C-alpha cells in the first residue's frame, strides 16, 4: 500500500485510488447552477450543460465536480466553472461560502439523490455568468432556459433527479419557481 | 385628512405624512454593505459612506433607505445604491431576495438597534461593487476598509451601533470576521 | 390630524388609520409555515388553516399577520402563532431571525404576490409545532398535509397564489419538494 | 489492497484506512453549536464541551465529527449529539439541511482553520438543546456560557481557532454578537 499512501502525491487520485476512497467516505462535491441575470440582478435564464453519454444518449447537467485534497471550496468552484464554461464565462462567484442547498447523493436508490458511483455530498451555489460560455471536452453545448422552460418534463427528463431537484430548489430560493 | 389620503398620491410622503406613519407602523428599510471582491469573489474591502452631520460631526454609514409604497425590494436597492454610490458603481445586485440579516431599529434604547426617528426593520444585503463610486448630495466620500480595519474602534466609533453590528454580521456571514 | 398622531396611542390602529397607512407605505408582515417534524427533525407534515370567508367560500392559509409598531419580529411571531394555533401548540420559534424567504405582496396583479388590501412585505419562517393546535376565532380548523399532498391542485386551489408559493419554497428549502 | 476495498466493509474505517483516506480527499464533518433558548426561541447560552487532552491540557470544543459512508448529514448530527451530549439532551435538530456556515480546515497553517490531522470541510449548525446533557467518554463536562462570556479570551483561549470562529459566526447569524 505504500505506493498509494506516499507523501509526495498531489491532490489527483489514480483511478484505483478513487475507487478505493469512494467505498470508504462520502465525497465532497460542488454543484453550480449557472444563471443569466438582468441589469438589476433579476433571473433571466438557467444554464445546463448538454453532454453525450458513452451509451449514445444525451444528458443535461449542472456544473459539478469534486473538491480536491488541499483545495478550498472557492478554488473548486473556479476550477469547475473554468473547465465547463471556458475561460471567458466571467462567472460572478459567491461572496459568501454558505450554499443555498446541500445535495446528498447515495449509491443506492432511496430518499436521496442517486449517484451509482458513490456517496457524495455537494455544496450547491447559484452563479451568475456574464460572459461567453464555450464548453469544452465532452460537453456539446451550454443551453439557456427560462425559469418556466427549465422545469418542464422535456428538460428535466434529460437530467438526473438530483440535478433537476437542485434547479427547482434554486428557483425557489430566488422566488422564481413557476 | 382627505389631502393626505388622496388616491393620486405617489410613493413619496410629505414630511407631515412621514411623521404620522412613523408613529403608527414599523418602516421597511434596506441596508446594504458595499464590498470590493477579488477575481474569484473573495472579500477585499468594505465600503462606508462618510457623511457630515448638521451638528458638525461626521458619521460613517452603510447604504440605507426606505422601501417605498409600490416599490419592490430590488427596486429600492437599485435606487439607494444609485443615489449613494453614483451611476457608475456597477453594483452586482443579489440574485436572491433573501437577506443575510434582519436589522431591527427601535426609537428607544434597548436590546435592539437605535433609530430615534422611528421603528424600522431592514433587510440587509452584501453587494459587490465593481465600478467607480461617486457619492452625491450630503455624502463626503465613500471609503474602503479591509475586514480588519473596518471593525476597529477608530472606524466603528464613527458608526451607529446598528450599522457597526451589521458590518460584523456581514463579515461573519462571509467567514471573514477578524 | 392631532387625534391620529397623538403620542399616547398604542400599536393598534383604528380602521381609518390602517386604511391611511396602507396607502402610504409597505406593511411589514410575518408568514409562518407550521410543520410537524419527526424525532430527528425530518419534515412530516405542513399545517394550513382552514378559514370561512364572508362570501361563503373557504380558503386555506398560512399563519400570517402584521408586525406592529414597537413590536419585535419575534414578538409578532409569538402573537400570531398563539392567536392562530392556540396556547398549547408549543411552537419551536426560530433561533435565527433570518427568514427562509421574503414575500412581496402588491395591491395590483403582476409578477409578485397579490394582496388587494395593500403593499406588504413578509418575512417568512418555517416553525415546527409540537403540541395540540386549537384554532380560534374565524378559523375552522388546522389541517396537516404531507409534502406530497400540500402541493396538489386540490389543496393549492384553496390557497392564495402567494401562500401556495411560500409553501413550495419552504419545501424546497427543506429539500422536500415532491 | 483487496483487504481494504472488500465490499462487506461497514462505514467504519480502521486506523490505517483512515490515515490513507485523509491524505487523499477532504473529509466531510458536521460542527454543532449547542444552545439553550428561552421560551420564545431567544438565545440564552452556548454550550461547549470540556475535554482533557492526552498531554494534560484542557480544551473547549463544539460537538463535532465525521459524516460516515452511507450516512446522511442528519444521521451524523443525531449520532454525534447523542455521543457527546448523552441520550437525554433532547436536541431540536434543524428542519432545514442548509448550514449557517461552512468550516474549512487545512492541515497546514494559512487563511483557513487548522486541523493538523487532515483537510476537512464541515457543515455547521446551531442546535437548541432542551434536556439534560451528560457528556460521556473523554468529555469532562458540558458548560454553558452567555453570548458575552463565550467570546471572551478566557474561553476562546481554550478553543481551537476554528471552533472559536464558528461560535462567533453563530452569534452573528443569531444577531447576538456582543
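Read from first to last, the chains carry the letters A, B, C and D; within each, the first residue is number 1.
Everything that follows uses one rule, which is that a residue touches a chain if its C-beta (ideal position, glycine included) is under 8 Å from a C-beta of that chain, and two chains touch if they have at least 3 such contacts.
Just so we're clear, the structure is a prediction, and the values are computed from it rather than from any experiment.
The interface holding more C-beta pairs in contact, when A-D is weighed against B-D, is A-D.
In the Cα superposition of chain C onto chain D, the rotation angle, rounded to steps of 5, is 180 degrees. Centre-to-centre, using mean CA coordinates, chain B is 35 Å away from chain D. Chain geometry summary: the mean Cα position of chain A and that of chain D are 27 Å apart. Residue positions of chain C with contacts to 2 or more other chains are 97-98, 100-102, 173, 175. If you check the complex, the residues on chain D that touch chain B are 101-102, 165, 168-169, 171-173, 175, 177. Put simply, chain B touches chain C in their complex at residues 1, 4-5, 7, 9, 13, 16-17, 19-21, 23-28, 66-73, 97-102, 104, 106-107, 112, 119, 121, 123. Contact residues of chain A toward chain B in the complex are 35, 37, 40-43, 74-75, 77-78, 92-98, 100, 126, 128, 173-175.
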